[in-house]
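So the structure is just underneath, and the comments pick up after that.
Lettered A, B, C and D in written order, each chain numbered from 1.
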Amino acid sequence: MSLLEVRGVTMRFGGLVANEDVSFAVEPGQIYAVIGPNGAGKTTLFNTISGLYQPSAGSIRFAGEDTVEPFSAAVAARALVVGVATSVGLVVALNVEELWRIAIGDNYAYGEAFPWAKAAKDLLAAFPGLGAWWGLGVAVLGFVIGLGASLVLWQRSRRTPDRIARRGIARTFQNIRLFSDLSLIENVLVGMDARMRAGFWSCLLRLPRFRAERESSESDARELLAFVDLGDRAEEVAKNLPYGLQRRLEIARALASWPRLLLLDEPAAGMNPSETNDLMRLIRRVRDRGVTVLLIEHHMKVVMGISDRIMVLQYGKRIAEGSPAEIRSDPTCIEAYLGKEEHG
Amino acid sequence: MRRAPLLIAMLAAALAWPIAEQFLPGSWSVLDAVKSIFIFAILGLALNAVTGFAGILNLGIAAFMAIGAYAFAILTNDLYPFQIGFWPAILLTLPIGALAGFLLGAPTLGLRGDYLAIVTLGFGEIVQDVLKNLDSITLGTQGINPLPAPVVPWWKPGEDGQGGGLGLVDLAEETQGAGPLLSYYLFLAFVVVAWLVFRNLERSRVGRAWMSLRSDELASRSMGIPPVRTKMLAFATAAAFAAFAGGLWASWLSSTGEPANYDFQISILALCIVIVGGMGSIAGVLVGALVMIGVNSIVLVKLFEWLQSKGLGASGSVFVSPNSWKYLLFGLALVLMMRFKPDGLVPASGRGERKPSGGRS
Amino acid sequence: MRSAPSIRRPTCVLSMLLVTSPVVAQNQLKIVSSLPRTGSANAQTTTMVNGIRMAIDEVGGKVDGFEILYEDMDDASPQRGNWDPAVEGQNANKAAKDPLVVGYIGTFNSGAAKIAMPILNRAGCVMISPANTYPGLTKPGFGEKNEPKVYRPSGKVNYFRVVPTDDLQGVVAADWAKELGATKAFVLHDRELYGKGIADVFEKRAKEIGLAIVEVEGIDPKAANYRSLVTKIKATGADFVYFGGTTQNNAGQIAKDLRSGGVVAPLMVPDGCFEDAFIEAAGAANLNGKTYVTFGGLPADQLTGKGQVFRENYRAKYGTDPEAYAVYGYEAARVLLDAIDRAEAKDRASILAAVAATRDFQGALGTWSFDENGDTTNRTMSGQAVIDGKFVFQKVLGR
Amino acid sequence: MEFTSAEVFAQQVLNGLSNGMIIALIALGYTMVYGIIELINWAHGDLFMLGGFLALTILGALGLEEASGPMAVVAVLVILAASAGFCGTLNVLADRIAYRPLRRAPKVSLLVTAIGVSFIFVNLGLFWGGVPMEVFSGGIAAAAPKDFPALVPSRNLLGTDDGVGFTLRDLLVVVVTLPLMLGLWWLVARTRLGKAMRATAQNPTAARLMGIDVDRVIGSTFFLGGALAGFASVVYALYNNTIGFQMGYRAGMDAFTAAVLGGIGSLPGAVLGGLLIGLIRAMSDQYLEARWTNALVFAILILILVFRPSGLLGMKQREKV
């Protein structure tokens, strides 16, 4: 079974077609590269895979499952609950003075003991009285609004970057996006968040669970920083890091969630040859950790040197796919991409 | 720059102040004003969690304060049947505030920053209107009073000034003899608790998730941080502590005041505390509260008193009345502050021109 | 002033300051006023402060050998542009702690009084309000069930006022409205303590005397205009409009919109609008002949005796006619100074007792006393109409 | 004569539209500035307030308070031009002095600066009311609301005093605001400056690279936004006949809500939002209770944003990666 399966993905922005009917599959353990000239739709494809954009057509499956959360009984149940709650809430809100008077105003004599049981009984007895025609209308309106809002919000969150990330797809960005105010280790710890379990209360009260997790996560984070050769700068603030090292930090952060698939968006952009060599080594080591890699790259040297398979995009369409050797000899590719580069 | 020495120094000063004050002339007494600094410090810490840490501009924090104050009042005042006393009521303001935050946040926290800002602004207005309009419940603009002061176990003098022992002291009686010190220290303790809460959150996955959203929401989401749920935690926590501050405020005044007392100006004051102190910096917020409220209700008041004693402002013309200049001073201070010290007086680590340093985990 | 830094328990020092009778230093006594000096009420409070200063100047700043200091405290904050409960609380606390302070003139807003009253009550300091009209502050049965006892934690009455309360003014307003020929009244209020309170009384009284109330609406005092509300009023066919509220809360705009919206029914407002600023804000043309103002006292030009003298002195000193409220500031200070003069010992307790014992005081407002609740026995109210851009006294109301 | 329920409804629609157009005019200024530098220009409402004070001062200085007939028309034109120029200039000055140095600062610093500027404006408004001039009643009560001369009478153009009233003032609102809105639309859509503004809004860096003087474009935007506030202030003052130093808050709040409701950054959105808010207010005053009107406006705002998170006409913003 393929780890990532992209089937017939089309992505339109208004009249612009950024990707058209793109299909490919990434097998576990591969380093898979997507290449193509500028504006070929590579980054759009990445953004679509990582949940930032929703494909206009086609599907993206990860580890055998569709990445769009299916409509389920739980969603329906939640929508119903929200609908009922909104309905009750609206009715109560619009009659709050009346209900207050019935339950409390009429029962409480200043300075005397309050008959709690009677108040509760009166309150419950008051509800049917609110059911004048408009009272019922309000209840229905509240239900519709609550149900609708719940479904709309759910619809919007069916396939979001955080859900995709939690499924096991991590990514880096073409124009590095670190948490620049945070230290290196904190950056990595944010990446690790998806697999942390200490809850809000345990963090607030520093319960043993929090302490244990802090120990283990920090040592994991340091290990990851060491993995990308940043082990000695863990406490520095990310924005003070040189550009080349920022890329490494981004990779460490992405790896922190223990993803099964890592998306690298032009990792070698702006690097000199020696840095590029280091990077290639790093990517291989990432793969050797058991992480499948999908990368977009311009540098042919990088792509040809490390990829197991390559797909070529042009004008948003897939024009070729195969092993590096196949791509190198594919006439369409040579013309569309490699040939062009020779001239340019 | 390490914050700990600053915080310890501030704490020590706060602990020592009432004793130092004994040696100053009576007209210098500012203990009451300092209590309002404490309340606003808690409000500032709350707002800092949502605006400073999570980067959500909340322009309606005063609404949660109002909710806390009215909840506290309704739960304690003898016009209502509940009358549960100071401690249960003040603790209940926390979940009540959190619930209000949840109800507002659930449908809106997915909105982009400025849209959310206007929603919180609107919420601030709605809450005032609702409190005003539901006058059979909230007494409208009457204000609910009196409200209980804290009751604490403490050494209590005997009936005739002899003996005495441990007993429950009602701090409302303080002005009549026990001295306003216990409530001062109690409020200080609340600030310390709030500080610990927010410090613990800041240095945990919760705080990191907030800060990552502030720093780069997109990257944060791509790391698997669920934005709405994470923001909700910040929003509801802030709402809870704002409500708590509101309850304390009402207890301190022994009245809710009128709903219009919790208007936009309070939200702005809280925002200024956070920003002047340093967004996302807990020590900064405390300094911000000290500076803003201190200047506002101590320095300016004393200054105007002094000016008045020199005969200024007696003629009633708007130009020579010092009070008429307050807005201008306030506005200028904000503009200059943002121009020359935009990261606040005590910038959060990682902001400003901070050198790399260690010590955070 | 630095006291000997002996090592006493700090609480003892403070409690001495607070509980024992203030030690009078250098034959000085201090009167403070706490009124909203910043923001929209500034015009009215300025005239009151002028009145207070006049009263003090008239006795040469000295009573019975004691120099009288005066401090004009502001209970408004610039953020609020109006009274601020925290500031009022601080003012009251400060006054309570200052051993020189023997009298507290204030507050302007009844809401502020609710904050200050218990504090000053505990401190045993006299408080005289020149402007609070909310009945619940003094009268049992008129406010909430726990009023006014919650304002008197010590059990003693320390709060007095020289103005009649809203429960009187609202009643005379409704009576006068009926007399003016109203049959169907539309009641508006600004949803605040004063405005809504008086509108409630008006409504209640109107129903008692058979004046129909078609609707009661709370307005938004910050709204740009009230056109839609006026359309609603017009649609109801009301022949009289009552607005419970103040100039600050947009009374002028209501008057304007009524006229430009084609409502011909007369408008009646309470004394929160009895100031020149109301006519200025509304524009005389919109008020002339169709606007009635009730006032819990007599306007300055109707005052006789000492009141007339006050008016002339005021004009001489400040160059303008006093606004309606100026005389209340003056009267509050006068009655306080008078009590200081009468008090045996010049401490808070004696002065409080002397104020409470004020009977048949010959003041600018006539001859009056404080009753056992601290209210003035003066119940003279007046009705004015706006004619040619001026308040013109019509008749004495009530009694 | 009876005021029938249909007439009442029509009248309320008219009220709502007139008020809505004034709100829309202010909202346009907000949305323009927001569109270009993403600043919630907090001082905009108070700028609007100062425009009103300038108009009143000019009327007082030129002795035009009582003007009628052709003189009134001249007076209205004079104050429209003066307030627009004044507010535009003041807005540009605020940008130069306060906002421009913070272009690279976080948005919230910019917002706080704007709040600071707004406080300064409010205080200036308070002082302005203390100017010893006849129109300010000698400046004695600086804080009190000021009566603005009724240069435009509220004469019903539909005949009698009974029935639906469409007054000269309503006409004034339409006559001033509609051409301004159309003109603005034309300016943004068709002119070189408009193109530069849109480019700067999209991507300031790219615009700069394309040779656009970004600071100048931002300055022009501030001027236009301010000028709209100036026009709005005069229309507001003539329509309501009252100005006060605290009127900026509510006006600004309404306008900002309108801008958000319509989709912030969108010019037609601001107009639609303004009209909607005007209508909702009028309908709520008539058919619900006036005291719930504000709450209703915001409840509707929240509801709309839940279903349309970018406002009614706002573009769904694509995240730039």
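Please note the rule applied: contacts are C-beta pairs under 8 Å (C-beta built on N, C-alpha and C of every residue); 3 or more make two chains touch, one makes a residue touch a chain.
The shown structure was predicted, so the numbers you read here are calculated from the model rather than taken from an experiment.
The most distant chain from subunit D, with centres taken as the mean of CA atoms, is A. Centrality annotation: B (chain centre taken as mean Cα position, compared with the mean over all protein Cα atoms). Centroid to centroid, with C-alpha atoms defining each point, subunit B and subunit C lie 32 Å apart.
Subunit A and subunit D have centres, each the mean of its CA atoms, that are 41 Å apart.
Taking the mean of the C-alpha atoms as each chain's centre, subunit A and subunit C sit 62 Å apart. Those residues of subunit D in touch with two or more other chains are numbered 140, 142-143, 249, 291, 294, 306, 319, 321.
In subunit B, the residues that touch at least two other chains are 78-79, 107, 110, 132-133, 218, 268, 316, 318, 324, 326-327, 330.
Counting partner chains per residue, subunit C shows two or more touched chains at residues 42, 81, 145-146, 191, 218.
Residues 39-43, 81, 191, 217-220, 222-225, 227-229, 231-232, 234-235, 237, 247-248, 250, 252-253, 256-257, 259-262, 276-277, 280-283, 285, 320 of subunit C are the ones that touch subunit D when the two sit in their complex.
Put simply, subunit B touches subunit C in their complex at residues 18-19, 22-27, 29, 32-33, 36, 77-79, 132-133, 135, 139-143, 145-146, 175-181, 249, 252-255, 257-258, 260-261, 263, 265-266, 268-269, 296-297, 301, 304-305, 308-309, 313-314, 316, 318, 321, 323-324, 326-327, 330. Interface residues of subunit D facing subunit C in the complex, by the touch rule stated above, are 3, 5, 8, 11-12, 15-16, 18-19, 22, 137, 140-147, 150, 154, 156, 161-162, 165, 167, 169, 236, 239-242, 244, 246-247, 249-251, 254, 281-283, 285-286, 289-291, 293-294.
Looking at the complex, you find that subunit B touches subunit D at residues 51, 57, 107-108, 110-115, 117-119, 121-123, 125-126, 129-130, 132-133, 218, 264, 268, 271-272, 275, 279, 316-319, 324-328, 330-335, 337-339, 342. Residues 303, 306-307, 318-319, 321 of subunit D touch subunit A in their complex.
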